[in-house]
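Paired with chain B in one complex and with chain C in the other, chain A is shared by the two complexes that follow.
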Partner chain A sequence: MEAYIRGIGNISPQNSWDNADFPGETVLYDNNRLKCIEPDYKEFIKPIQMRRMSRTLKMGVAAAGKCLRDAKVEMPDAIIVGTGLGMMQDTEKFLTAIIDNDEKFLTPTSFIQSTHNTVGAHIAVMLKCNKYNLTYVHDSISFEEALLDSLIRIKEDHSEKILLAGIDELTDDYFTIANNVGFWKKDINGNTDLLNHNSSGSIAGEGASFFIVSGEEQPDNYARFAGVDIFYKPTSDDETENFIREFINSRGLELQDIDLVITGMNGDMVGDNVYKRMQKRLFDKTPTAYYKHLCGEYYTSSAFAAWLGVMILKTQRYPDDIFINDHKPSGPVNNILIYNQNNNTNHALTLLSAC
Partner chain B sequence: MSRVVVTGMGIITAIGNNVAENLESLKNRKHGVGPILYLETSHKGEIPAAEIKFSNAELASMSGIDKSELYTRTALLGLIAAQEAFDSGIGKYGISDTKRTALISSTTVGGMDKTEKYYRDYLNNDKYSHFVHTHNCSDSSMKICDHLGLRHKNITISTACSSSLNAISFGARLIKHGLADRVIAGGTDALTKFTLNGFNTLMILDKEHCRPMDASRTGLNLGEGAAYIVLEAEEEARNHGKDILCELKGYANANDAYHQTASSPDGYGPYLSMKGALDMSGLEPSQISYINAHGTGTDNNDLTEGLAIDRIFGPDIPPVSSTKPYTGHTLAAAGVVDTIFSILAIREQLLFPNLNFRQRIEEISFEPIKELKPAKIDHVITNSFGFGGNDSSLVLSKY
Partner chain C sequence: MEELIQKLKVEIIEVLNLEEMEPEDIDSDDPLFGEGLGLDSIDALELIVLLEKNYGIRIEDPKDGRKIFFSVRTMAEYITENQK
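This part shows the complex of A and B:
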């Protein structure tokens, strides 16, 4: 199962909208909350529509538009979205109205736009796309589940051009709620030294990463998704190790064929140990990177990691500040493994390869 | 590619705590719609719903959980239905190797029942912080996997009211491509103030018992429930000597691409999803013996679904009924609830009636079934349509 990446549209806390000068300088933040650098939406959304749209929806529609344009695709054969939390802004708005007004004087707009499938559905309405439309909503592996569906579809019909996305928005309320349960580090004042704090939690982030994927080989494709798999609650490190080994081997590769591992290390001292233990077991001499200092922690941040991997494969350049060990790629980067996990529960592996 | 069959099922709705009880209610016109008793809402006494008549503590003891306070209602319902599905399709056959058993669940609002209760606390203190994680749609799926000891693929889908049919189709595709040996697929949704008020502001909640497919219909009744089925490849099921409940012959997902909540005037999305599922099954419309309609009771849904049925099947429309008056609209679970009712129709060779029907909708050509009726049922279509124009249909066949 594999798919070529033909188009990209990415809104993130980095300058990822226009990819011409990738990797560029890392955008620095002076707190524990990374916000998307939003593009000028006017190019993609009529002002009259814009008023009713939440930030998530605007980001989704704009990133989808940019992605389709980049791939020169007018009508995708499927729209498949991963989102951990869905439409937080509209959900909070409707929920707050219910609580504040004791279930009276409510208006339907925010309820209508609160369903998790709103981004995929809105894009379908805008494009008049009657095709397959699905939304995956599973914690930190929502994007990988959407990718898995995409790869299966392309195996079923390799001519399909699928609009694939990972999207999550960080609202003020959610930032506060997650802060109250200790998601975000308090002892940090920026995104540059995320891994150097001996504390729990991470920094908050958000993003909208869209891809057009297809089974058709074309000279201007960016890269290729060469596999994805997920698994739940390993009972031991041996099991996790076997899962990673089997994933790589079943794709016809050996461990040493992996030129770069992009981990989901996020500065949380417990969670990061899972990666460190696997690195020691499997990738001691492999260049290993992280990405959450660039985009922050959010449920579909692995979609940002996929964008990063794709750009590295395409340009053979990379940001200097992503490596967590002393190894840097010594030759061409052909295979990138993305490994993201959340509290040692939901684990996901994605293999990206050069075309 | 292997044929995909159903070998187990489990369900809890307002008309029963398991498959047998649901069947008895369907046979005896026993519906579950009535005054709201359990949900703490100011609409009590004003808006009816199809609640499951148990408190969370009672549901917890039914599912063998001793710390009920840590579970959302959505998760508790899910545990009960998934356990029954697991027992009937896997446990009963003494299969202990569940290494390649995937769970594909679905929900529309996840743990909203706790979020709407403790939202102010979430924002201001950490008193109920242990519930914050349960807001995620994945929470109930993870609890079900923990409960059943599943550690393979753990997937959650949310496409509004069509969610669980998409969970079933995706399960079938995982099996066909050899990516799982067995899949437990379905969905769960508890009644919440969030959805009750949401549908109420849209003015599509009937203040009386709903009347799907009837000219006088004025809206839907919300319900709550969970249901799961066990899917596997035909040869895998036969190797274990399993009782095969039916074959999943076709499935399709389309988008109406018209409006976030309203269907297109001619029901193009519903037409596409039924047509797609039929095409995949290789059956002619005339071979379909029963249509279990989405039939929510809203003006818009029943008209456009009816028009789409007319377009595909007219003039010889197979028997049609909506079973929503029994269970209410169980949102993400609706598709799999109706799937189980369709399987029961095949197994029992019985057509279940569409309660409360009196007068045909003028624009459509057919009336739904009014009485329980024995019939030769070989192939059934079931539909689920949702917000965002997400439309899905399945074709289920006698095995």
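This part shows the complex of A and C:
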């Protein structure tokens, strides 16, 4: 199963809106909270529509619009979205109204838009697209689930052009609650300082990454998703190692064919040790990178990693500050393995290959 | 009445998120729905809640809504007549 990437639209805490500038300078943050750099939405959303939209909904609709435009696709054959938390801002607004108003005077707008599938649904309404529309909500593997569904659909019909996305937002309340349970590092000097502390927690982030994927090979495709797999709760490192080996071999590749590994290292010492052990076992001599200092930690951050990988494959350029070992690609980068795991529970592998 | 109309305009802008709009941009006698301000059915629900929450007025018969919410002035008149 594979799919070519024909278009991208990405809003993140980095300057990822205009891909012509890739990789650009890393945007620096001096705290533990990375917020998206938002574009001018007026190009994609009418003011009368915008007034009801939460920040994330605007990000999703704009990124989808940019992605469709980039791929020169007017009407996708499917809209498949992955999100960990859905529309948090509207959910919080609705729940706060319930409490503040003693369960009375509930207004419809935030309730309507508080569901997890709001982004996918809103894009469909705006496009008048009544085709397949699904949102996957599954913790840190929400994007991979959406990608897997896209690959299955494309296997059945190569001509389908699917709008695939990973999106999550960081609200004040969520940041505070997650902070109280120790999700975010308190002693950090900024995003580029992420891996320099032997402590728990990470930095908070958010993003909206959209892709148009299709089974049709075109000369101007960016790259291709060559596979995705998910692995739940390994009982030992041997099991994890076998999972990674088998995934790569099943795609007709050997370990040495992987030119770059992009890991989900996020500064949390327990979680990062899992990556380090796998790196030592499998990728000791392979250029290995991380990306969460660029976008922060959020449930669908692996969609940002996919965008990063796609851009590296397309341009053969990469940010200098992503590498965590001394190896850098010595030749063309043709195969990138994205390895993301959460608490050694949900492990996800995505293979990106050059066209 | 004029004071209430001004207050209503501010509240409408707030609850309907009419960004970039000022109270003076809303004509007191222009239709709120359709060709005037261009509001829709979700806005109607927001206005019903506004009347109940801010003025303690509950619209019992939905058919009355068309008349009550025709313009800011008709809203203000209905509030004046029905507020306890």
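Rule of thumb we're sticking to: the second predicted complex is superposed on the first by the 355 of 355 C-alpha atoms of A that agree within 3 Å, B and C clash if a C-alpha of one lies under 4 Å from a C-alpha of the other, contacts with A are read in each partner's own complex, and residues count from 1 in each chain.
Note that a contact is a pair of C-beta atoms (placed from the backbone, for glycine too) under 8 Å apart; a residue touches a chain by one contact, two chains touch by 3 or more.
Treat the numbers as computed from the prediction; the structure is a model and nothing was measured.
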item: Touching partner for A:S209 - first (chain B), second (chain C), both, neither; value: neither
item: Per-residue contact with chain A, leading partner among chain C and chain B; value: B
item: Which superposed partner A:I112 touches (first chain B, second chain C, both, neither); value: both
item: Partner chain in contact with A:R51 - chain B first, chain C second, else both or neither; value: second
item: Contacts of A:E145 with chain B and chain C, given as first, second, both or neither; value: first
item: Touching partner for A:S16 - first (chain B), second (chain C), both, neither; value: neither
item: Contacts of A:G84 with chain B and chain C, given as first, second, both or neither; value: first
item: Touched partner set for A:Y232, first chain B, second chain C, both or neither; value: first
item: First, second, both or neither for A:N130, with chain B first and chain C second; value: first
item: Chain B and chain C contact sites that coincide on chain A, given as residue numbers; value: 104, 106-108, 112
item: Contacting residues of chain C [partner chain A, same complex]; value: 15-20, 38, 42, 45-46, 49, 52-53
item: Residues of chain A that touch chain C when the two form their complex; value: 47-48, 50-52, 101, 104-109, 112
item: Chain A-touching residues of chain B, taken from the complex the two chains share; value: 41-43, 107-108, 110, 115-116, 119-120, 122-126, 129, 132-133, 135-138, 141-142, 145-146, 150-160, 166, 170, 173-174, 177, 179, 193-194, 197-198, 200-202, 253-261, 268-269, 272, 386-390
item: Touching residues (chain side chain A, partner chain B) in the complex; value: 1, 79, 84-86, 94-96, 98-99, 102-104, 106-108, 111-118, 120-122, 124-125, 127-139, 142, 145, 149, 152, 155-156, 173, 176-178, 180-181, 230-235, 299, 345-346
